[in-house]
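Structures for review follow.
Heads up, the next two complexes both have subunit A, just with different partners, subunit B and then subunit C.
Let's turn to the complex of A and B:
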């Protein structure tokens, strides 16, 4: 506990929900599904910002950071990366029964793990995953837990047992003040995630790492995975890109104006 | 036999990619054009504990594995071979002392030299001594408690930038039993920086002539055994060559990745050129050869870890990896077509950098001679059989 945290009387117990995504989004044009095989997994970019935020808060106020992730076997590496960034422990939710989960079944499973872990003042997650981008998980977790949620966070300060959050809206910023417990989803680029050192990587492997199956969470198969998911994905299609060359004519000013107009639209 | 990376090694690769994308890649083309290097990278790598991870904890290192060191070298070289070569000189010489130094050398020098700031250089080559390393004519003679050095070294990397130089020189007339290595710190009177040479490879590195005129250094600056420097060098090459070879793999990977991206984007005849079989064949060959080279290097490193003799395996790895880099970067330019020879794309730099790899740390020709010598189990010293 730092001197600062003693003064404030805060010891933040923080959970960070993270997701591993494929480094490159490729779609199988025959089966209309995402290709994951042979593509390297990385931490979802804004989840990395959430980890950075959690570790910064812990360093300032004291406390403990727990990473939680659900996914296939190879996600272990992503969690260890997060531990190397400074988190204290990791929970890896892995079971064949969880495969094919939609956002609701995923949030439900994550919330079951969060409840099993105990009480958190702060739950952080990224705004959205770069592969599916639904932005559902954060709000769904908050809803299941019945706690306040603040989305699109670009800045955050903890003062007098309250959290002041700067939100990024379409055309403006909004600052809100909320009480614990709260779920906050963060925007990519809100901070600069640290790069762990060589020593941090190997120290991370010594930290507490829990693997939880469907039985460990006390769940039934019809509550999770594909069978527990009301959403059925019929097709995934990549956005169509068309290459088109257009030569702009006129004076320099006219060309610049035309170009600006094209970029705007 | 396990061919997979550990989770830690996968993360190591990821963080190196992040580090290089941020600190090295944006500046690479500029280093090359201006023939400069951003030496602040050394401090940044040191902060991440990524310099010389093979140096043991007792000497200020982290005691990492040889494979981890190879991963670091490959990832840095993938972005900039110049950056790999320069930054390796922060730990090559401390590692040399670890391998061939006396106990006094280790206590006196390793921690002092390996401080995350000091940059070293190693000089063997002279006007008439290259592959024939034993023909050096720079002399050091002991006068009281000091070595007095006279002669001129050539192709000295980090010229004028290094904090210290390891000089291979003559301490007795005997061809093989008269060579030693002596450490000279920068600004030592009698050592002057000569002409800087222009070259097509690793253009960011200062390289050229180092002149000694009655340069005096303390007796304790002798590294390794007196008059046994030639044999120490052979032992050292068994490992150091592998880190040069993995740099060639890094260059080739950079060329391959650039080629894949280009082949997916460049459209001809109404489709990406990556859809054409002849391009696909080149990509397949490049990827296969890169993996083969890396596996040869890892095999030799594994033998080193187990304490086995691996001269032949090291030379095979160095020979194959560096010639592979030459072939791969040639194909990369071919895939890029006209763009490949422009400085708008990195592949011409990969090709130029690959060229030195078949020469530096022992030419391909000498690697072949050593491999053959090991195969025929010649009892004669390797270089003698090479020169017979």
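Let's turn to the complex of A and C:
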């Protein structure tokens, strides 16, 4: 595996964590789980930016890009899309033991896979997933690995074995310099993710693709999934009626006259 | 296993800028005060920074029992490593049962990492917090699609990030109360170096929070210029749901809700918006709320004062005409 050599510049070993999300987010009114059946899976938007960033860095500095995704069903298409964008290999983590994982258990499982893969200078992820949107996974992976984290990246450059990252905060941009190894979470729109051609996709299906179960990761059931998760859903309720809504009645003109009166006072 | 009963008290992580307490942290104090009173424990705040004297005094007007302060010139601006180390160390030492952070860039950078280090859970973007007194359990309420979920954490401390802008500000008391505890620490600043901080000159910044009238558009709006005309007519500004912003029709600064902003204008008109939980948290505190939607069952009507069941492309022009009469 490639390691950085100080004099000849760097060969970057990069891991990118990507999540597949349902294209449309709907809750099953009986089980209160996200509906996945019949809804197309897509790459979480900002994770595409993370892949684009990894491939650009590889093109510039040399190195290798590994995609890692944990998911409940076959996310092969999503990973192949990432491979077609230029990643070198993909790891798909799937086991029914992982079901119901909260962010801590998810990060722990991802980190176990990362450690099994070896040493990475750079770990990339998105700022937030569009279906759960916690923003937790990045910082939690960094903490498990005991490495520095930089969140909200909108720009990045590698120079002299250091990484310069521009971060987007509430009402300002902060530029920081960090050393490897580092985890960076990227914001959607930080770059323009390339669109792979049919040939790219065909070639991608020949790249290394690993499927790992709980046994492959050497984990026990009580460390992962719902049992390994300190947070639990206790209740799900429809939203409360907060205000008594008066429905305006009549012809369109009458309704609008009424509303205009209300708005003018 | 550690005994969960050894944990006592409610803590608030305080964010600040230019020696001012951030509004989101004051909001946490109002939630924290209620929780602490229900549990009959102290409400404490954790303040990390440089020269925090005046700010610590100010906190004592908001019903805080203990203000823990860690000061050092290298802590002037937030960076992950030292803030993380200090926060984890103090939580391990003082063992609060509940720790509150804000869902801000700082809170979202810090809280997940702290929770991970302490091997506890973290519930993101809560909009309300309650106590199950019998079980002495924190109920963490957050949006979940069109629904609201109540989450619990089975490990202590129970940690959450709270959506800014959804909790009312607490009243400032007339007298100071409580005490300050100054904590001395060796500080390791880690390997992050801040190179520069710039404020973008974005003309749009902050505008939507200050506007008295917001015309909010959702996927039901096909013609933006109509909505723009209505906004002009009422001296308001356009806001939007996430899909509208994702489609690039309006800048991110106009997004309202969990991922976007919490607003409370005098008048909020929701046009073609279904009313997902993640949107509602950002607008339910507005003054007058009007909703226009073709679907009479749309959840947006549950938070509206007035509703019109109809097609926005017909209602808006008719409303503009009525306003001009």
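Before moving on, here are some points about what is shown:
Note that the second predicted complex is superposed on the first by the 222 of 265 C-alpha atoms of A that agree within 3 Å, B and C clash if a C-alpha of one lies under 4 Å from a C-alpha of the other, contacts with A are read in each partner's own complex, and residues count from 1 in each chain.
Definition applied: a contact is a pair of C-beta atoms (placed from the backbone, for glycine too) under 8 Å apart; a residue touches a chain by one contact, two chains touch by 3 or more.
What you see is a predicted model; the values in this text were computed from it and never measured.
Of the two partner chains placed around the shared chain by superposition, subunit B is the only one that A:199 touches, whereas subunit C remains out of contact. Of the two partner chains placed by superposition, subunit B and subunit C are both touched by A:243.
Using the contact criterion defined above for the overlaid structures, shared-chain residue A:27 touches subunit C, although it does not reach subunit B. Contact with subunit C, but none with subunit B, is seen for A:256 once the two complexes are overlaid on the shared chain.
By the document's definition of touching, of the two partners only subunit B reaches A:84; subunit C does not. In the superposed three-chain model, the partner touching more residues of subunit A is C, compared with the other of subunit B and subunit C. 243 are the residues of subunit A that lie in the contact sets of both subunit B and subunit C, per the superposition on chain A.
Looking at the complex, you find that subunit B touches subunit A at residues 7-8, 10-12, 14-15, 18-19, 22, 47-50, 53, 62, 64, 68, 267.
Against subunit B, in their complex, subunit A makes its touches with residues 42, 76-77, 80-81, 84, 195-199, 201-202, 204-205, 243.
Against subunit C, the residues of subunit A that register as touching in their complex are 25-27, 32, 34, 45, 102-104, 107, 128, 133-140, 142-144, 148-152, 164, 167, 169-179, 229-248, 252-253, 255-257, 259-260, 262-264. Across the interface of their complex, subunit A is touched by residues 79-81, 84, 104-105, 108-110, 112-113, 115-117, 119-125, 139, 144-155, 190-200, 205-206, 234, 246, 258-259, 267, 275, 277, 280, 284, 288-291, 296, 299, 301-310, 314-315, 318-319, 321-323, 325 of subunit C.
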